[in-house]
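As structure tokens, the structure follows; a few thoughts come after it.
By letter and in written order, the chains are A, B, C, D, E and F; residue numbering begins at 1 in each of them.
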Amino acid sequence: MPSANTKTEQPVKLTKHDLFQANWRWLWSSQICWNYERMMSTGYLFTMLPTLKKLYKNERDLIEMMKMHNQFFNTNAYVGGFIVGMDMAIEENKGRKAEETVAGLKAGLMGPFAGVGDTIVGVILPTIFGSIGAYMGLKGNPTGAILWLLVNFTVLILRFFLLPLGYSQGEKLIYAAGDKLNRITDAAILLGVTVVGALIPTVVSANVPLVFKTGKVALKAQTVLNQIMPSLVPVALVAFSYWLLGKKRMNSTRLIVLVLILGIVLGAFGIIGKS
Amino acid sequence: MPSANTKTEQPVKLTKHDLFQANWRWLWSSQICWNYERMMSTGYLFTMLPTLKKLYKNERDLIEMMKMHNQFFNTNAYVGGFIVGMDMAIEENKGRKAEETVAGLKAGLMGPFAGVGDTIVGVILPTIFGSIGAYMGLKGNPTGAILWLLVNFTVLILRFFLLPLGYSQGEKLIYAAGDKLNRITDAAILLGVTVVGALIPTVVSANVPLVFKTGKVALKAQTVLNQIMPSLVPVALVAFSYWLLGKKRMNSTRLIVLVLILGIVLGAFGIIGKS
Amino acid sequence: MPSANTKTEQPVKLTKHDLFQANWRWLWSSQICWNYERMMSTGYLFTMLPTLKKLYKNERDLIEMMKMHNQFFNTNAYVGGFIVGMDMAIEENKGRKAEETVAGLKAGLMGPFAGVGDTIVGVILPTIFGSIGAYMGLKGNPTGAILWLLVNFTVLILRFFLLPLGYSQGEKLIYAAGDKLNRITDAAILLGVTVVGALIPTVVSANVPLVFKTGKVALKAQTVLNQIMPSLVPVALVAFSYWLLGKKRMNSTRLIVLVLILGIVLGAFGIIGKS
Amino acid sequence: MAIAWWQILLLTMLAFWMIIDQITVGILANYPLLYGFIAGIIMGDVKTGLVVGATLQLMVLGVGTYGGASMPDFMTGAIIGTAYAVISGKGIDFAIGLAVPVGLLMVQLDVLARFTNTFFLHRVDRYIEKGDTKRVARNIVYGVFPWGLSRAIPVFVMLLVGNRVVQKIVNAMPEWLSKGLTAAGGILPVVGIAILLRFLPTKRFISYLIIGFLAAAYLKIPMLGVALLGLALAIIYYKQSGHPSKNNHDQQDTHKGGFENAIGEYED
Amino acid sequence: MAIAWWQILLLTMLAFWMIIDQITVGILANYPLLYGFIAGIIMGDVKTGLVVGATLQLMVLGVGTYGGASMPDFMTGAIIGTAYAVISGKGIDFAIGLAVPVGLLMVQLDVLARFTNTFFLHRVDRYIEKGDTKRVARNIVYGVFPWGLSRAIPVFVMLLVGNRVVQKIVNAMPEWLSKGLTAAGGILPVVGIAILLRFLPTKRFISYLIIGFLAAAYLKIPMLGVALLGLALAIIYYKQSGHPSKNNHDQQDTHKGGFENAIGEYED
Amino acid sequence: MAIAWWQILLLTMLAFWMIIDQITVGILANYPLLYGFIAGIIMGDVKTGLVVGATLQLMVLGVGTYGGASMPDFMTGAIIGTAYAVISGKGIDFAIGLAVPVGLLMVQLDVLARFTNTFFLHRVDRYIEKGDTKRVARNIVYGVFPWGLSRAIPVFVMLLVGNRVVQKIVNAMPEWLSKGLTAAGGILPVVGIAILLRFLPTKRFISYLIIGFLAAAYLKIPMLGVALLGLALAIIYYKQSGHPSKNNHDQQDTHKGGFENAIGEYED
């Protein structure tokens, strides 16, 4: 892709203040208008708004880029600033020409960052400090809770370094061979997919509490399912939802209603339980 | 391999009926003349016979192809129909020119299909339904046995879809780049080899029940062997048999006699036991 | 690399006796002047000395090659003879032209051979025969000890086959495509690195025995660390040492003193313990 | 003890802030322990707040809102539970018995809030078309209200009507419904994962999905371990997708390739 | 109770069908439970048949005839065991005590049948040379007799001579022999695996053999898990063995390559 | 029983040989069991020697001197322990109680010996420059003295002064020091591993470092298993780093490539 290396000299340069402002906006807005249809699209748009206004003086360009940035986006808010940073570096250097590259980058990286970010922020940190804090809290001792507050403050401060880091990485990548960005994105996706694969049995908790009895011998449905494969029900549910999402009239809003109803009905009849 | 893309227009076309007939024959004949020398070669030949007669009007061609199809072949009968289907598609389109391709395909796929098929049909299904059925049967309840019969009927019906599936896949592959078939075969072999690697410790059961005593301290031979590697004896036996099969005057018939004698002798002396 | 295939006909040929002599010297000298600065460099040089004198009649060549062979070298002495053998084959055929190749080969292979050799000779063999011998020894029975002596003699004899093996492999590689040697070295390094990765949690034993108490509820520091990752302390220590070794004024001598002091201090205060 | 008006006010504000905090700065995040702690301070009984919060915390360790799925709202549960435990003096078990069903019922309001914001999204679309960046920004910020009120209103009402009414409502919940809601809560993360998989090039990397699954389901490797494995595989992938001839040569200065590198130039 | 002649006939036919079923339609397959069930029906005591079959079934769960290796013939065991348990009225333990050694001894006849068919194979070879497709077909079908008779004859004889004689023969078997046969049964699958490995390009894929072994032997991953792992690795291999430049581009619609996609067109 | 002068002499020689054996022929290697055995023979009480050696052996199973790290010198410990157990007649526990601290203290002398040899290294450097191969060789061999004496002298002295003095010194060691030395012994292998990692192209193969770590730390696969895994991965790497088109063709004789095989000719 030879065009990838063609740098158009744009007079407009982003300053440190621009980066900080983006960081600040990302912090407060990324999920503020979260919705099932496009999840964090508005948050991303809100974050980029000042940058867009600065870079695209032509109104048509501005509108098109706003549209692009209001497409489906969803990632872990704690680490997503990195993607914004990369995006800013690329747009600063290549302007609207980079529209497709940026769309691809966002679509490619959001999943991996969600997987890894959710794991660290949603699983690892709370598991550690939550267990310390809860152990102490059960005795009425607030030390653990206060420690946790301090950790959360520290994490908050650390979040301010991710966007500039993304920005500087993005700058480097622009000068790198055109296909390096793709390879990095691919590698990141690979990591993300691996983590998502592990999320299925970890995060979804469902078993089949049915028990069949013949005389004294009882046969637990879950035991038979486990003989086939561990976490078979979660896998089946994910596969079913994935397949449904590919159907024409299905979208995330409808899917969530459907899964909710399904869960309540199957749960009420005792066919599915939380493991 | 440019020749792979050269399609010779052959007027003879295989019909749905031909596919069904092959399926039927494969079902009844695949192992009917099974023997240690070439295992399922005759079964394969019998299955292909009507197709061969239809395709090769020239008697020399017919004889050569019959010879080729009577070479060593062994796979899991439940899933092997798929290979027959691919073969039929290729021979229909390329005729005798495909002789070598077909021989390679058969040799390449029989192992993987054996590994995967034996696992599903020989290990997984009986483990599940066998345990359900046996649990119920111990109580004199025939439900599990009847359920199992129904499952077996279902599997029997499903087997009728595999050969046509193989046929349609085979047709697609003919038009694909010549090396795609090789890559698929390779990938299938890889899968098969992985499964066979796992079969060794799973299916071969042998340990060394010898115990050495010095005063009160007893040392179990198997404990020491386990410290080296789990399933060391099965691995050693497989390696030994594999090596033997490479010897000039050794064949499968002799090997089985040898292993039988070895097992009886070592077992009688208490050197090897079933774990 | 066409030059790799250019064999300079050198009149000097190494004899079986030369190989045996090298083996003998390697056996006795490889670690005899071991030191923290270059570890087994002198041992390697001493081993190669007769060969060098035979191959390099020109004094300058001899001195340069002695210098090269007195660079840092460290591997497992039991299996390191293989590397010497390969080296001898290459130097015999290419002379001083191979200086860089040999230096690369030595640097590349010493690690993997250390990892694999230490595992077999330092972990597996003593675990097996040590446990047999110790069990018997505890009862005052010398059989196990004597068995172990015999095993060690056998190992000693086997060591005499490794150098000639390396030599013949080295000879083959010279005629192979130039990049095969690199690929083999790389593959060997890969294996070595994998083993080293496993050595970290296996060989380094350190935990944090601190216990925090709040009323009756006690929280073990190690439990929290384990929730993050198993073997976290060993990993952190290795990473720290690795990083230190990259510092300008740090060398292995200083590092060992530092780790010694660190261990004594942290151990004395009960912060780190042997797990 | 009767609850004071300023306590109702503070707890309602805490509830409003609770969901905003989660989706922004993450100081109290979605951790029941911390809300029990703060509610305890407001109610003047830190210990009760901590114990209630800690108990609920242990029920949701590692539970999160992955991919937009809702989690049991034990944060609201901790606020209500602590408040009524202190008011009624009926102790921890009473608080937990109240907090858990409240938390489960609140899930429905989380879903509602996430629905409602779609309204603002479509307004944003309209103003983008007009190039009206101000109104674009403003409508995005409006999202704060569905979020905040979805927690503030129920907490305010529950504190106002008194625990007896709350408990009646909660007790009226039939067993099949609570079983159903529990099951639904267990499988809801499925949606987020399925959406993620749709937006990732899953088919292309299906192998790694399987490997991740095997690692967690069969080998019980915890998340960080799987992430490390994924990292290792990602690096291998990255190196291999580069120039094939490269593997052998980078960092190997001693090896000076001629012929092969010449070929390597045209590759990849 | 004495056995009726039609019962002997039916059980003999069942034994004949038993091996044919296994190698063709697989309705009763090689599952002792089902043969115990049918034999029970024939003998007019379903319950005994089921218990005998179930007991034997649990001994061979997941045991199969991989790569042409023989398995303990507990199917015949189930038939004989059920028949004599009903006739003698000596109960389940007696039946099992008879069925197990019978099943082990019958292994030798399975081996014999598999040997015998070589005879027909060589006749087929001859008729191929002559182009006589009819006789080719006919001789293949003849294989049905060695198979079927290898089971039918011994069952017929055993039912005819009476259980006392059968038991005497069985009891005469010395301990070393039964130990030896058991050990031999344990290691026989080795042959099938070795043959498979000879016909697979094992050396080329030795890595995956090791990986499969490690997964099963060290990590105790069950077969389906290993097959999933193999599938993941196979897909990776398939994608990588394509043209190397491909990895980066397929399915990435946002990325519009020029030169590389032009090449990519011919691939996959 | 009093120790004879020839016993002191023999044990001192054994101590000298002990470290030389380890770094050369490895007959007694670094195995306390064998030194206890030999010391027992010298002291005329094989059984005591064996038990002392065996006890110490069990404490260091699989412990080695990886990458130049020192291990507890329980070989010297076994010699001293056995000698004094026999002399004093105080039994095994006394011997172990003496051997363990002695072994830990001796670590410092191992470190010293490894330092000292640097002196000869620099002399070797000088003589290389002069091309004086004789002196090069001689100075390398001198390394035998720091090694041997580092064990021989302390053993000689300890046997000479008598066990009461030795024990006093040992007892004088405060608890913090013994705890500290134990901890230091546990983490010393870190140095060797770090040096190894510095000399390996670790960054390039970092993925495999992680994989090896995961296998051992998370999955508890023993060393040989990890080595097998590494072997499998190394073979895959080796095959892949060849020309990419190769994978599909080698060893597939049935497939007669034209163009690709022509290229393939130069490979492997």
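By definition in this document, contacts are C-beta pairs under 8 Å (C-beta built on N, C-alpha and C of every residue); 3 or more make two chains touch, one makes a residue touch a chain.
Bear in mind that the values here come from a model prediction, so they are computed numbers and not experimental data.
K.L.:
Shared touching chains for subunit A and subunit D?
P.N.:
C, E
K.L.:
Spell out the chains that contact subunit A while also contacting subunit E.
P.N.:
Per touch definition, common to subunit A and subunit E: B, D.
K.L.:
Counting residue numbers used by both copies over all numbers at the interface, does the subunit E-subunit F contact come out same (over half shared) or different (under half)?
P.N.:
different
K.L.:
Select, from A-C and B-F, the pair of chains that is joined by more C-beta pairs in contact.
P.N.:
Spelling it out, more C-beta pairs touch across B-F than across the other pair.
K.L.:
Averaging only over C-alpha atoms, locate the centres of subunit B and subunit D and give their separation in whole Å.
P.N.:
The answer is 49 Å.
K.L.:
Report the inter-centroid distance (CA atoms only) between subunit A and subunit B in whole Å.
P.N.:
Centres of subunit A and subunit B (C-alpha means) sit 44 Å apart.
K.L.:
Report, in whole Å, the distance between the mean C-alpha point of subunit C and the mean C-alpha point of subunit F.
P.N.:
Between these chains, centre-to-centre, one finds 11 Å.
K.L.:
Which positions in subunit C are in touch with at least two other chains?
P.N.:
124, 127, 131, 135-136, 138, 141, 183, 186, 228-229
K.L.:
Which residue numbers or ranges of subunit F touch two or more of the other chains?
P.N.:
Residues 201, 208, 210-211, 213-214, 218-219, 221, 224-225, 229, 231, 233, 235, 240-241, 244, 247-248, 252 of subunit F touch two or more partner chains.
K.L.:
If you go through all the chains, which pairs of them touch?
P.N.:
A-B, A-C, A-D, A-E, B-C, B-E, B-F, C-D, C-F, D-E, D-F, E-F
K.L.:
Quick check: in the complex, which residue numbers of subunit B touch subunit F?
P.N.:
Where subunit B meets subunit F, its residues are 1-2, 100-101, 103-104, 107, 179, 182-183, 186, 228-229.
K.L.:
So in the complex, the part of subunit B that touches subunit C is made up of which residues?
P.N.:
It is residues 214-217, 219, 224, 227-228 of subunit B that touch subunit C.
K.L.:
Tell me, which parts of subunit E touch subunit F in their complex?
P.N.:
201, 203-204, 206-208, 210-211, 213-214, 218-219, 240-241, 243-244
K.L.:
Contact residues on subunit B for subunit E in the complex?
P.N.:
Its residues touching subunit E are 27-39, 41-43, 45-46, 49, 53, 59, 62-63, 66-67, 70, 72, 74, 77-78, 107-108, 110-112, 114-116, 118-124, 126-127, 130-131, 133-138, 140-142, 144-145, 148-149, 152-153, 155-156, 177, 180, 183-184, 186-206, 229-231, 234-235, 237-238, 241-242, 244-246, 252-253, 255-256, 259-260, 262-270, 272-275.
K.L.:
Using the touch rule from the top, collect the residues of subunit F that touch subunit C in their complex.
P.N.:
It is residues 20, 23-29, 31, 33-34, 36-37, 46-47, 50-51, 53-55, 57-58, 61-62, 64-69, 111, 114-118, 120-121, 124-125, 128-129, 131, 133, 136-137, 139-144, 147, 176-177, 179-191, 193-202, 205, 208-218, 221, 223-224, 226-227, 229-231, 233-235, 237-238, 241-242, 266-268 of subunit F that touch subunit C.
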